[in-house]
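To keep things clear, I will list the structure first and then write my remarks on it.
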Amino acid sequence: MPLVFVILSALLIASAVGVILFRNPIHSALCLVVNLVGVACVFAALEAHFLAVVQVIVYAGAIMVLVVFVLMLLNSKTEERTLSGVIQLVLSGIIGGCLVSVVGPFIIEQWPIVAREEPPISGSVEALGKVLYTDYIFPFETAGFLVMAALVAAAMLAKTKGGDPNHPRISEGKNDGTIQAGGEQ
Amino acid sequence: MMTDLPLIAPLLVVAGGSLLVLLIDVFLRGRWPNVSASIGVLLLALVSAVVVAPEYLSHGTAFSGALFVDPYTSFISALVISGSILCLLMGKEYLEGEGISEAKGEYISLYLMATAGALVFVAAADLITLFLGLELMSMALYALCGAALYRSASAEAAMKYFFLGSFSSAFLLLGIAFLYGATGTLSLLELASALPESPTGLVGIGIALFLVGILFKMGAAPLHFWAPDVYQGSPTSVTLYMASVIKVAAVAVGLRVFSLTFGGAEYYELWSRGIWIAAVLTIVIGNLVAIRQRSVKRMLAYSSVAHAGYMLMGFLAPGEFGGGPAVLFYLVAYAVMTLGAFGVVMAVSARYQDSPDSDDIVRFNLLSRKRPFLAALMSLFLLSLAGLPPGMAGLLGKFYVFNAAIRAEYVGLALIGVLGSAISCYYYLRVIVAMYFVPSPSQAGGATSSYEDDCGEAIVAMPLAGTLAVCGVLTVLLGLQPSALFEAVETLFPPNLY
Amino acid sequence: MDEQLLFGTFPLLTTLIFLPLLGAVTLLFLPGERSSEQGEGEGALGLPVVVALFFSALTFLVSLVLVSRFDPENTSYQFQEQISWIPSLGVSYILGVDGISILLVLLTTFLMPIIFLASKSVREGRRGYLFHMLALETAMLGTLLSLDLFLFYVFWELMLAPMYFIIGIWGGKRRIYATLKFVLYTVVGSLLMLVALFSLVWSYAEQSGEVTFALNEIVGNVQLSVEEQLWLFAAFALAFGIKVPIFPFHTWLPDAHVEAPTGGSVVLAGVLLKMGLYGFIRIAYPLFPEGASFFGPYLAGLAVIGIVYGALVAWAQHDIKKLVAYSSVSHLGYCVLGFVAMNTLAATGSIYQMLNHGISTGALFLLVGVLYDRKHTREISAYGGLAGKVPLFAFLFLVFTLSSIALPLTNGFVGEFLILAGSYQQFPTLTLVAVSGVILGAVYMLTLYMKTMFGEFHEERNGDLTDVNSRELMTLAPLFVLVFVMGVYPAPFLGMIEPTVAQYVKDHHERTMTSQNRSNPRALPSGGIDFARSPETPEVESETAKASSGVPSVLVSTAQETLVQQVSS
Amino acid sequence: MENSLTLACIPLFPLVGALLTYGVGKSSKDLAGWVATGASLLSFIFTLLTFQQLRALVGAHSYEVAAAGAHGAHHGGEAQVYRALEAPLFEWFRIGDFGVDFLFRFDSLTAVMCLVVTGIGTLIHLYSIGYMAEDESRPRFFSYLNLFLFSMLLLVLGGNLLVLFVGWEGVGLCSYLLIGFWHKNIAFAGAGRKAFVVNRIGDAAFLIALFLLIQHFGTLDFVALKAAFENTLASEALLTAIALCFFIGATGKSAQIPLFVWLPDAMAGPTPVSALIHAATMVTAGVYLTARMHFLFDLTPYALLIVVCIAVLTAIVAASIALVQNDIKKVLAYSTVSQLGFMFVAAGCGAYWVAVFHLVTHAFFKACLFLGSGSVIHACHHEQDMREMGGLLKVMPWTGLTYGISTLAIAGIFPLSGYFSKHHIVEALSHSGETNPYLGTYEAAFTAVITAAAIMTAFYVTRSFAMTFLGSYRGHAHPHESPVTMVIPLVVLALLALGGGVLNGMVPFQLWLGHTIPVGHVHSSESIGAALLHSWPGFVGVAFGLLFYTVLPQVPKALATTLPWMLGALRGKLYIDELYGAVIVRPLEGMARMLWKGVDQRVVDGCVNGTAAIVDVSGEVVRNTATGQLRHYALLMFAGTVFLIAFYFAM
Amino acid sequence: MNYDYSAYYVLLSLVLFTIGTVGFIVRKNAIVAFMCLELMLNAANIAFVALSRRVGNLDGEIAVFFVMAVAAAEAAVGLAIVIALFRNLETTESSDAMELRL
């Protein structure tokens, strides 16, 4: 178990670092895919098999496809490394380090390693489904509605100019009411 | 399970209505009164909320502990729905411009979805539902912010709101995970009893992360950065929704969680210091930066940040100190006056929508001459925001909040609050200066005549005028008869008996 | 008809407060704003002014009824009304009037019709002007009459907005700066007051278990530690001191005065400034006797600085209004000094002087307004030799100038004399300095008079100047009459003030003593010997007691000792 | 005490007259003068009536009693009976036990003052009709004059110090108005302001005295105060302080060092004003006050010493300045200052009645002199420089004659009125050591100085007479005798100046005053020879004056060339105005400007605006955190979150 | 005998979360920032699953399920927003969108 954990951790951290450090977005995306699969492995290692499957399907199968698609569509370029970017990295790294070093000890303290007889729960489809459709029926429905909302939102945002060519904003010149310099009062 | 359905009738009406509006719109493509229909839906929701209100006296939960059924929920839900109605009424005409008209069907559908999300959010009795409600509300809002499809500012606002919102949600989520890990439950009620006697470090961190999520939605420092940009860039009809309804929801949830779930004395010790510093930062930053703004929308955004700070003051005086009711009173008063203020900004900037500085303070010049009643109402709202009579609602709001804070012996915080409040007078009054004191070009000798026709015009449609009038009346009445509201909200506390 | 039946339960004070507001609302519903403002002759007042006049005159009449039915010998609050407003926090709508406030009420209602008569000079948007003035009257009366701390606060703050608009809309060139300063100064003070208010109320609630904002219940019953009293008093004193204004918080005043339209200046000088001192009288002193006795000497010192400083700075002014404004700083210094001295003589004089200042300075502002309406400048150097051209104006200006410099037989003298005579017993050295204000007052006022009224007349510049017209005369005549009535026969006025003040002073000293007995060891300069019992002047004791007709203050500043030593050496 | 209706009427007439005059003046300017004069005359008549009442009250027989009382009082015997008429009008104000009534009281001292005020006032009103005949605003002038009479009457009739103070300030006001009567000339207006302000300085001290009295005695009524003082245990320091405060007040009103500077400038007013206000009545108010408060001064020998010192100094300094003035009115003005010094010398020696006596005689001859000078000025078309006059005796015989008589009177030549009063002053001074040990030390020196001042007095008036009336005319106008309305007062006053001394001989002036103030020994009349001998300073002065300005005009010229600095200093009025300007006025002005520009605008307002600026700048600084960059916001939010966790929640 | 290493999983999640946060802050490209958000959500998910085992109920795993739904929704909305941004500004770099500031 610890060995699996160590390997997975290394994989996850490495791929995560890859996501943030590769300058080419496609490379980042590929690292993310690795990471997501790694997470699925973690789920599996934690005996949440259903979640592991869902993870692969939803993330690698749906979300990542979408992401890569958009990446291609928008033709994202390789990011240039700038000084301000490095400063950002250093600063956020320091703060992140603080976060980990502050919270980490508390995590260890909160959940000390204990021995236990058997796996307490079963992350099986059956068990999950039971809870999901009874106790969590309302959140479940809400989640469904949420996805619905997301679709509507995406649909609205993706609308193009073609909808109404005579819209005033398109036909008229812009900024005719800009205030001249000279300030208030 | 099914028996609980009537309890969420308002939510069902809003959610169903949103889908129905969308569906009809697909076929009729905006050639039908979809806004009015949505207002109807919301009214229906309000009616149903009132109808089911007696059921909510029971202090229980519904759907296996997913939703609270208590007067607090009922009241906040009604408030959210009423606020949504007012916002929609105000923005009715506005929606024709800003490029929203093309996607009006989706816009309105999303608007109702956001309201539905807010209703879930405020009623949520477990952390998962809470998170989902928050995300539902936010998701719809992200899109609404970008509803002005061809305005880059709108897209930028949507982008910033989305990314920062999701960012903070992630923190919230991590916080939920920690709390869950520490207590083994996600239910807000069970959490309260399952928390260790004295907070362990990780529980503290979980609470902090949860607070971060709430502070973000409230627009409080140090997580306020999105608020000015998003308020400014979004279509004004969305801005006022965010400034009123969303803030109401966030504060209401925060208030409930912090006074109910984390209400124990030990835990109060823990988070009170954090909220104290957040309140101070919020008040100071909000007020300080607001004085440097030219865009009235942005200024009001910072002002709403500052007001979040005053509300946080009330968080610090839970229970017998009366902070809870004070915050709710403040919330209502704030919603009314800020709605009014943004409504006027909407009316004024409507005429200059093409210009990036459509809500520049110069646009308010001469408003008192060309639109005296609009200017008078704006003055009322601004004075109220500043806490000066005759803006009685704001005054009484401050009265209650400061009162509670001082009663809980936060005198230093109260002093910072009043100093901030004094600073706030400066920027609120600047708008009044523009509306009233700036000389007309004829007086000024024609030197500034270049923008004579450009200033002080406003487009005020009937619904907007009516809503503004309602807000104006409420602003005064809430102050003159505060007891009616205050005593009502007092009965809501504690938010749930257990 | 039976009086009891007529007035017994009639809410006279509420009527008084809200009549002007009713008038303001009525104004909003008047038809045809534009047509009524244009095309009116010089003689016609216009409908809005008539309406405003009507309501303010009615208010004045009501206040006269109030005065006529007021019992001067009854030193408690009269005509009390009480309605619960915010029961959960013990806030009530309590009104009442006593000898201290009644004449200030009368002054307020008296000045208002005059201001409306003088509102002719407001050319644009006169209706709004009248609206704000009437609203302001409501706020001022409310402040004077409320006996609930929160109600007081609300009315106190309510005074701000109308005045802000009056200066801001109808003011001079730098009005935006002036209004901003005015509002920010005041708001800082009053918000601190709000915090102090809550602290006080909760301290009291902890003792008595009852949450109340009612002044009467808290005063005398609340027991605060000395430290608390000092802090709370300081907060209140800041709020009130800014309003008075006490040096060094006075710089908003000249700006506000200079930029304000005539009516605004009149009401600002006439009534608004009084509110600061009224706050001290009504709230700060009764609530925090310890704080008062600690800060009293400092306040007196600041007041005296204000007297001399205001006078000197007034002397250096080039702008007539600014000069009069600084003279207000000086005059209000007298009022504060008199009150802080806390004996019947000075305190009565102080309240009387508040009335006087309202009348004489108000009249001076009206006169400046007359000049400004005609020549649109307030520069002293723009005028000169007007006495020959506009004799009536010169005469009236002279009379009010004399009233302002407290010439005997004008109202100013009585007040100033009583103040100085009384405060001398408490703060001899300070009063000696204050007396120099008497000289300086003559210097700057007569210099102003000389430079404007005497000397060479600029024919080409001021040749078209016309004398005071009948309408302006109508505004000034009542003030003119009062100057002499109050100067020659002040007895009826003093008679209304004095019993209450005497009781007030007595109560105050009792409170100070009891609270000192309760918590004696502390960092107060309590060591001072009683001047009256100083060994050099053994027979003086009874005289002092007689003169101050109250218990001589236990707290005697060390300055007093020095004087005794000086005199005796 | 008895109430008297006529008493209340005395000041009423001038008050009504003042209002009426102004009203009448609108229609007829000439009538105004007559109305005013009538009012003044009525007031005089009522004064006489009241005087008769008082005499009846005191009773003819009581002269002896009073005299005995006077002796007694002086020697510590039984107290004399104080009798007076009263007119309590109303209670002015009452605060607790301290009350002030608006009360008039008419006793023997008041009677004298009242007679002088209304009598001379009437004459000067009459004179003014002629003098002001061509002035456009004469109604205003007469109105002011009447107002002045009213105030002056309040001053002398006031039964307590506060009513007195009303008059005290009132006369100051009228003086201000009348000095600046020709206000088109800003210098004249400035002179008025100067008079008022300098007077105010004295008034401030007066007020302080009142405060001390209120604090320690609780009353301001003269009778009550007198009673209180008779057996007071108050410390001498306190009494001295009060007395000195009163005296400072008196120096203001009565133009003593150091506050005398306003009086010469006050000559800017029309000449009748100078005669009435700045010679006969108002300026003597300080003397009156001292006499009135004798019970206080008597208790404070130290204060009396200071009074005498100041008075002697004033007398000699003013007289020496008067020696070289060429403006006829300036000569008389400094003469007035000097003569007031004489009066204070008497008062300071405790011989209050002598002071009052000199006050009366001085009123006669100085008023006459002033009116004479006015007549001359009038004749010479408002020329005031004596070097432009000369030989006027021929064209203006009446004026010349009356001026001459008054000259002799003021010079102190027996048997003219001036001799009697002046002689008593010297007399009192030389005996002052008997009662006041402080004075005893300096008695001789004071006597010498005052005698020198008397010689100078005689010299400079003679000089003015000689330069004006003798020799030949040096001016360019066409002088002529003044109209009859101006001559009559001159004659009457000259007669009074001539025979005023008889007052003491035939009417027992001293005894009469003895009803009110201590009068000391009743002086037996002296022989004519002794009297002539005693008037030697007058003779000397007159002789030298005549000699230098008629026979030997080269002597003063030679003196002027040999002692130019002295002449310069005296001509320049010892540069006292300049000194005050440099030491007091200009520093104060500078301070005022500094306080305004420096303190008020820089420091106080600077703090206010600075605070605002700090808030503004910090707003700008904080505002810069809003860069608009998503990444920056995220960083800051992250930082904020970690900050909250690290410092507040992780425990 | 099994040992419960939940703490280490949570620690891992914390580290991943932090890396995601840092990436979110550092990267200009909006799509990459979005990917970092996904990293953060995944990290939280790991914590949920690990803690779910630890506390012995399924609530944590259910939560993960919902988070995935949310993530999917976010993907839809977020990418649509990025497209909208691109349409207006012709860029996917968040740093180019700074019209709203100060």
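So that you can tell them apart, the chains are marked A, B, C, D and E in the order they are listed, and the count of residues begins at 1 in each.
Operating definition for what follows: a residue touches a chain if its C-beta (ideal position, glycine included) is under 8 Å from a C-beta of that chain, and two chains touch if they have at least 3 such contacts.
Just so it is clear, the model here is predicted, and its values are computed rather than measured.
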Neighbours of chain C that also touch chain B are D
Select the chain whose centre, defined as the mean of its C-alpha atoms, is least distant from the mean of all protein C-alpha atoms. C
If you tally the C-beta contacts, which comes out ahead, B-E or C-D? C-D
Whole-angstrom distance, CA centroid of chain C to CA centroid of chain E, is 65
Provide the C-alpha centroid distance between chain B and chain D, rounded to the nearest whole angstrom. 78
If you average the CA atoms of chain A and of chain E, how many Å lie between those two points? 3
Using Cα averages as centroids, what's the distance between chain A and chain B in whole Å? 27
Hey, what residues on chain B touch two or more of the other chains? 128, 132, 135, 139, 142-143, 146, 149-150, 158-160, 163, 167, 181, 201, 205, 228-229, 292, 356, 426, 433
Touching at least 2 other chains, the residues of chain A are 88, 92, 96, 99, 102-103, 106-107, 110-111, 136, 139, 143, 146, 149-150, 153-157, 185
Indicate the residues of chain D shared as contacts by at least two other chains. 623, 626, 628, 630-631, 634-635, 638-639, 641, 645, 650
Pairs of chains, among all present, that meet the touch criterion: A-B, A-D, A-E, B-C, B-D, B-E, C-D, D-E
Considering the complex alone, what residue numbers of chain E touch chain B? 6, 10, 13-14, 17, 20-21, 24, 30, 33-34, 37, 40-41, 43-44, 47-48, 50-52, 54-57, 59-60, 62-63, 66-67, 70, 73-74, 77-78, 80-82, 84-85, 87-89, 94, 97-102
Interface with chain D, chain C side, in the complex: residues 181, 184-185, 248, 250-252, 309, 312-313, 315-317, 344-345, 348-349, 384-385, 387-388, 402, 407-409, 413-414, 417-418, 420-422, 424-425, 431-432, 435-436, 438-439, 442-443, 446-447, 450, 453-457, 488-491, 494, 498, 502, 536-540, 543-544, 546-550, 567-569
Residues of chain B touching chain E in the complex: 127-128, 131-132, 135, 139, 142-143, 146, 149-160, 162-163, 166-167, 169-170, 173-174, 176-178, 180-181, 183-186, 228-230, 232-233, 292, 356
What residues on chain C touch chain B, complex-wise? 85-89, 135, 139, 150, 154-155, 157-158, 160-161, 164-165, 168-169, 171, 175-176, 179-180, 183-184, 187-188, 191-192, 194-195, 198-199, 201-202
Residues of chain A touching chain D in their complex? 88, 91-92, 95-96, 98-99, 102-103, 106
